[in-house]
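Chain naming follows the written order as A, B and C, and within any one chain the residues start at number 1.
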Amino acid sequence: MKQLSHYLTAMRDQTPLVQNITNYVAMNVMANVMLAAGASPAMVHARGEAAEFAGIAAALSINIGTLDDEWADCMVLAATAAAERGMPWVLDPVAVGATALREEVAARLIALRPTVIRGNASEILALAGTVAQGSGADTGDSVAAAEGAANRLAIQTGAVVAVTGAVDFVTDGRKAAHIAIGDPIMPLVTALGCSLTGVVAAFVAADAPFEATVAALTYYGVAGEVAAETAHGPGSFQVAFIDALHAMTGDALDARARIAGVCSPRFVS
Amino acid sequence: MKQLSHYLTAMRDQTPLVQNITNYVAMNVMANVMLAAGASPAMVHARGEAAEFAGIAAALSINIGTLDDEWADCMVLAATAAAERGMPWVLDPVAVGATALREEVAARLIALRPTVIRGNASEILALAGTVAQGSGADTGDSVAAAEGAANRLAIQTGAVVAVTGAVDFVTDGRKAAHIAIGDPIMPLVTALGCSLTGVVAAFVAADAPFEATVAALTYYGVAGEVAAETAHGPGSFQVAFIDALHAMTGDALDARARIAGVCSPRFVS
Amino acid sequence: MKQLSHYLTAMRDQTPLVQNITNYVAMNVMANVMLAAGASPAMVHARGEAAEFAGIAAALSINIGTLDDEWADCMVLAATAAAERGMPWVLDPVAVGATALREEVAARLIALRPTVIRGNASEILALAGTVAQGSGADTGDSVAAAEGAANRLAIQTGAVVAVTGAVDFVTDGRKAAHIAIGDPIMPLVTALGCSLTGVVAAFVAADAPFEATVAALTYYGVAGEVAAETAHGPGSFQVAFIDALHAMTGDALDARARIAGVCSPRFVS
């Protein structure tokens, strides 16, 4: 894996147009996060244009957070278009274990071979067919408990699987990395996980999926640590976090990650 | 009524999973407000899962802000499921007097016996069948002018009715309380009223409706006063407000409320 | 044209109720921006009430950002109601060149004679039938390159056309103005362009379209310059910008605009 700054710079140089089909809660902050990072987000989900737009985008992210039948169909249309073009796309299976509708839609989408699947521990356990303890968008399981499920899911689907939490875990079924960076206040700001999925999509537009995912998660966590230095609570954290994503240079990313010990991810098996 | 800190602590100890069917404008800030307060919000509204999710939630809030026929049906499905389970649910009848659609949907929902109804003066007057002066989501009437209507509505429906404004009024038709706390800039930040409805739902998940509603409104107003001390306008107020909701301890809440004279709400008849 | 403060004061004195049919990404920030400016925004788009609500509003804004067939029909219903009442309405043709659906919907709406059309250079070029280089919501063209297209579009449609970017251009086909004010960080905050459309609608509710549009754009740009003085990135810029819109007095607007050289817009032809 190259220095982290390589992946950030490659993404910014491309300013990838990323189509996002995401939930209502996340749309605004996700767009701001992606703009701050250096991508060009577009929230395009309608039946009449989701597939057509996938023809001009550089990557696609799909998040099932606020779901209904119409949206589910549009997600399938866009993911099908992405798969046909060989365009990378990232799946965020929000609260997949909570209702039958979510399980069914997630299964339809996974059949369309996402490049990356990013979820919390409960979601990844649910996707891998394990009984999970999450409810709603929050997780009741630890990342460590989901590592085996993540590896199995990666092998079954061919996707890079990222389990995010206090310590992130990324695997493609053959190699894996842990990323222990970020701040405990991050789960108290809504849609930061959803927004991360968009950032992963932007990085994956420019580089190989496993390395790009590791770089995106590390960049995100480092920005979280920078933001926490000045924040007074979840409100000011969100503001400082967007500022930090924007201000982060490649050099600062490499230096911060080295201090935190994540410059050389441990690769497993 | 116990000390206010009791209700805040009870809610936080439970971290209630609150299902919210709310408007597009409010979703993000409502989720952030509820997370900062200590609840676990989930925005779940689809026909295919609204009722199922109501089976795992601890409380439900329904807000008719951005309404259409499909959403109205899902609101009815979720409220029906809540009523069947005996789960508390809170209705926010946004702009109910403005159009025929809103009146009709509000009537369908009130028939499902909400635990609490929270609105501004114009909305409560409209629900009680009085000609109101509001338009859109803003009120043209004073809370004082709506007290009689609120009492009638509480008796008719069995709900606790909260009229919020410069001075809030809470009634169950037998006892009532005034809460004079908050900051005049709050109506200039969109969706703070909607978000309050979610906080009321979280408190009502843990305690008796009248007392929990009084406690939620007081907590909210106290956080508003704290935020106003550092804010420079509505933008920085929102940020400081979310920080204040999160930082507020039970002791700080009791002390602040005592200084403001709301530690012992005046109970009327 | 009168002093800029005249238009700001006239809008604030009226506190116009502005109906907005806008995209999911923009709804929250647009409401906050409009409240901070002094208007009364209402996000009302449902088939069952869009036209009825247009009967009580003072102005309407329509933004095609997150579009589907149902929303397109509601936009047409509301614009038809506005046109019948002679109520001013403003069209924001987001990403109009990107998909066939957007072109078709924009054509239906333009036939209903918007009072003002506000877009970026690529959108105005696309509307005028010129090949544009934009993708998604971002522009790939300069405002200067779109001036001819804007003039043609204004003559064809009878609308005031505003092309916004580093230097804004406003034309009614006979007279035109350039407005060189604002800050380069503004395109990195999502939905600030969409929100501006709502502010234009509020100003147009109170004054003649060309002058009101010039005043709204100048007020917006001046607030952007004020915000940039304290912001550290796009996150803190959004917060400071909303504060600045709210704090701006008529005198401060006139003084700032004079310093920036926009107190007397250059009228062309």
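Methods note: a residue touches a chain if its C-beta (ideal position, glycine included) is under 8 Å from a C-beta of that chain, and two chains touch if they have at least 3 such contacts.
As the structure is a prediction and not an experimental result, all values here were calculated from the model.
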{"item": "Chain B against chain A, contact positions shared by both copies (same if over half, else different)", "value": "different"}
{"item": "Chain A on chain C, rotation in degrees - Cα superposition, rounded to nearest 5", "value": "120"}
{"item": "Between chain A and chain B, centroid-to-centroid distance (C-alpha), Å", "value": "33"}
{"item": "Contacts with 2+ other chains: residues of chain A", "value": "24, 27-28, 238-239"}
{"item": "Partner chain A, residues of chain B touching it in the complex", "value": "17, 19, 24, 27-28, 31-32, 35-36, 40-49, 52-53, 56, 70, 238-247"}
{"item": "Chain B - residues contacting chain C, complex", "value": "23-26, 28-29, 65-69, 95, 98-102, 135-138, 187-191, 232-236, 238-239"}
